[in-house]
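Shared chain: chain A. Partners: chain B in the first complex, chain C in the second.
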Partner chain A sequence: MKKIINDPANVVDEMLDGLVRGYPQYVERIPNTGAIIRSNKASMQGKVGIVSGGGSGHEPAHPGYVGKGMLSGAVAGQVFTSPTPDQIYAAIKAVNTGSGVFLVVKNYSGDVMNFDMAKDMAELDDIPVKSIVVDDDIAVKDSLYTQGRRGVAGTVFMHKILGAAADQGATLDELDALAQKVLPNIKTIAVALSAATVPEVGKPGFELADDEIEYGVGIHSEPGYRREKLQPSKALVAELVGKIDDEQHLTADKQYAVLVNGMGATPLMEQYIFTHDLLNNLGDRGIKPAFTKIGNYMTSIDMAGISLTIFELADPQWLDYLNYPVETIAW
Partner chain B sequence: MTKLTVTTAQQWLDGFAAAIAAHKDYLSELDTPIGDGDHGSNMARGLTAVQAAIDGQDFAGLKDLFKAVAMALISKVGGASGPLYGTAFLEMAKLGDQDADLGHLLDAALAGIRKRGGAAPGDKTLVDVWTPVVEAVKAGSLTQTVVDDAVNSTKDMVARKGRASYLGERSVGHLDPGSVSSGYLFTALIATGVFA
Partner chain C sequence: MKKIINDPANVVDEMLDGLVRGYPQYVERIPNTGAIIRSNKASMQGKVGIVSGGGSGHEPAHPGYVGKGMLSGAVAGQVFTSPTPDQIYAAIKAVNTGSGVFLVVKNYSGDVMNFDMAKDMAELDDIPVKSIVVDDDIAVKDSLYTQGRRGVAGTVFMHKILGAAADQGATLDELDALAQKVLPNIKTIAVALSAATVPEVGKPGFELADDEIEYGVGIHSEPGYRREKLQPSKALVAELVGKIDDEQHLTADKQYAVLVNGMGATPLMEQYIFTHDLLNNLGDRGIKPAFTKIGNYMTSIDMAGISLTIFELADPQWLDYLNYPVETIAW
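Right after this comes the complex of A and B.
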């Protein structure tokens, strides 16, 4: 393992301090917690707070999306480990200005349980809280016999939509209805070239041969659905778009937003090449995305690979929400 | 009926903490093929906090002791194990001052675990260790063999909850890490001599 760190046990703590000290105009840290909240307190007055979070290792998610127009707070756990309820609750309490707090949770058993416990704690203190569990990763079968689909990069679109609506005065109930409506329209699928190395573990979460890739890998090195020899970018695009098309039935008469997301160790050069092939592939289907984002938005430490999110803009207002200005580190 | 006291409960927790510390790397190794490789480090961090919270402290009763344990686990472990083990001790804390019967305490803990995580027996989770162990405690027949058999039974199961469920059939052949750490919990309980 070769990493720019001091002590594997301190990576989260030192990372969060670096982040808030580097960007004091956007964020601050609640002392002795992994909770990062907006430094612009006036921007939260009278608005519903939006809190997300999860294990660390997905930077810039989630603190990079904290700021006016997007999240009010983000809670960072240990690497790939859900934050604890007391810390989530600290963030809820800090961003509640009387209108309640909406939680954006990714569908992992740990995250769901810890955010549920925090919600129970908030309700005991009469803070109204509602939540959405994002499960956009179509690589996993959604069945009664699994945890269900994982929450991955498409969660960033959920943050953006809800953050814009909250900034424009949406109530807790309105945000709840909006989140439910948006959720089924976001679909994500990934391909990995190599696995992530958790600092405290010291070795990659799985092994792929030099010429091997795996489709459908999750953001914590969870297994995917198929391994094969490395393919050209065009073939990767065809596989990933094909998988999303099976679910979402892409058609020329609909509007879409796309997110090409680097998993951490994939250079932007490759992400742009992938995007070029993606836009050709979609173009052949008569589709020109109304909104495009390319870059590292929901990473998996140093995993090499790309995830593709296609978000069907079923309501034209959602495009306005995506284009709504924000003051964050990373959107 | 087997009663628990503050003294035996503290011995139990010390034994559990020692077992987790001794097997930290093994638990993380078990968690690597079917999880994310951090069960050992998460539990070790939690049990270090538990020891800091209870060592040298005088607790008036089981309620205060178990509450301190629960809060340490909930606030330090994270992941899925924190809420599950934390809920178990919180449920025991709720009973602790009225009822020190171990069968009743563990029964309440198991009900809390099942409610929090939604897992049923056979899902390849710690519920598969807790269920036969709690039955044996209530029947007055808990032995090390009951614990070991329960832990080993998870090896051939297909995971249906948690991160391991993404592997489906590929989870077969691996012990469930949470079941192994629960095995240490009950091995430590037997070692206190409460059943002797």
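Right after this comes the complex of A and C.
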């Protein structure tokens, strides 16, 4: 294992300190927790707080999305490990200004359980809390660590939509209705060229041969649905778009947002080439996305690979939410 | 070689198309060239144009910095290869609105020669052009492809400073004086864990053992000044800050901006840990940077490693320039 770290046991602690010390204008850390909250307290007054989080190793998710117009707080667990309920509750309490708090949870059993427990703790203290469990990964069902489908990069679109609505004064019930309406429109699928190495484990989560790829892997090295020889970018695009089309029925009369997401070790060069092939593939279907993002938004430490998210903009207001200005490190 | 590409011969062409098609709100491409210019033409009216560029493989540099408040244009050559003078000249002509054009060139023999020739072409057409050659890499002198010192990640600070000043109406002569004053204050040095693989070459530019790092490498796999066993992050920080201190004499009574730059395959987790150690090291010297950026800003395709740039803010206005709002893909 070749990493720029000190002690593998301290990576999360040191990473979070580096992040908040580097960007004090956006974020601060609740002492002795993995909870990162907005520095701009005025921006939260009277608004519903939005809190997300999960295991570390997906940077810039989730602390990179904390700031005016997006998340109010993000709770980081150890690498690929859910944060504890008390840490999540600390974030809920810190960002609640009387209008309640909405939780965005990726669908992993540990996260679902711990965010639920934090919600119960908050309700005992009369803080109203609602939540959504994001399960955008269409690759497989009932994966390692997950009942149903996994929550992956499309979660960032959920953050953006809800963050914009909350900043514009949406109530907790309105955010809940919005999240329920948005959720089925976000679909993601990935292809991996290599697996992530968790610092405390010291070796990759799985092995791929030098000329081999795997479709449908998760962001914690969960198995995908097929291995094969490395294909040209346009063949990878055809496979991933085809799978999403099977689910979402892409058509020229609808509007879409797309996210081309690098998994941590994938050069932007490859992400832009993939985007070129993606826009050709969608163009052949008569589709020109109304919104595009390309970069490392939901990573898996040092995995090489790309995930594709296609988000059907069933309501034209969602495009305004995506374009709504934010003050964050990483959006 | 395991990359998400199609034909290695077409990587730059497809990458640039993917970039401009993904982000039409910021950039467009001059047809049949590697020149990327601002879509927002109104933002250039009456202002001096700022053009940079160089070989591809350093994404998001340089097209990611094209937009209001930063570059007017960026010219991309083939991978690790200077753009041709006619392409550079096409960008100069496209962004000139009558106030002239300022060129920011990284110090590589090919770039210096071709940007000079483009400048001559522009002057024949009565477009006033001035330029700066950035040589911020303190690691070595007279490297492969370079007389003197190499131009690396600190170039992005030069883009930002000049872009802000130009947006506020600085004249060509004022930008020239500003660039000359800024240049000696920007110092960069890198450490590599692995080398980049150029798609058309198909193998890494050099080999490091599994437990080996190299200090002082360039962004085209140029040799550094020392190889040794992998060290903890805080030891890497001590080495790099020590080298910059030898040059720049870091002191508590001065203000600094820092850039922690991932080389393409370095997870943000490691970059934030490095930043934590950096801020501790500087803190021990009584220094708290006034400005910090952490991320992949000047990469070397898929190299693993980090460069550190320390920029002495000799003029307090430079901090305002760094914080000046921009409309770009990647700043």
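By definition in this document, the second predicted complex is superposed on the first by the 326 of 331 C-alpha atoms of A that agree within 3 Å, B and C clash if a C-alpha of one lies under 4 Å from a C-alpha of the other, contacts with A are read in each partner's own complex, and residues count from 1 in each chain.
FYI, a residue touches a chain if its C-beta (ideal position, glycine included) is under 8 Å from a C-beta of that chain, and two chains touch if they have at least 3 such contacts.
It should be emphasised that the depicted structure is a prediction, and the values quoted were computed from it without experimental measurement.
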Contacts of A:Met15 with chain B and chain C, given as first, second, both or neither: second
Contacts of A:Glu239 with chain B and chain C, given as first, second, both or neither: neither
Chain B versus chain C as contact partner of A:Gly218, first or second or both or neither: first
Which of chain B and chain C A:Ile273 touches, first, second, both or neither: second
First (chain B), second (chain C), both or neither touched by A:Thr84: first
Greater chain A contact set [chain C / chain B]: C
Contacts of A:Asp167 with chain B and chain C, given as first, second, both or neither: neither
Chain B versus chain C as contact partner of A:Glu200, first or second or both or neither: first
Chain C - residues contacting chain A, complex: 2-7, 11, 14-19, 21-23, 56-57, 59-60, 64, 191, 193-194, 210-211, 213, 230, 232-234, 236, 260, 264-279, 292-294, 296, 299, 301-302, 304, 306
In the complex, chain A residues that touch chain B: 55, 77-87, 108-110, 113-114, 116-117, 140, 145-147, 150, 198, 200-201, 205, 218, 220-223
Of all residues in chain B, those that touch chain A in their complex: 28, 32, 36-38, 41-42, 45, 74-84, 116-117, 158, 160-163, 165-168, 170
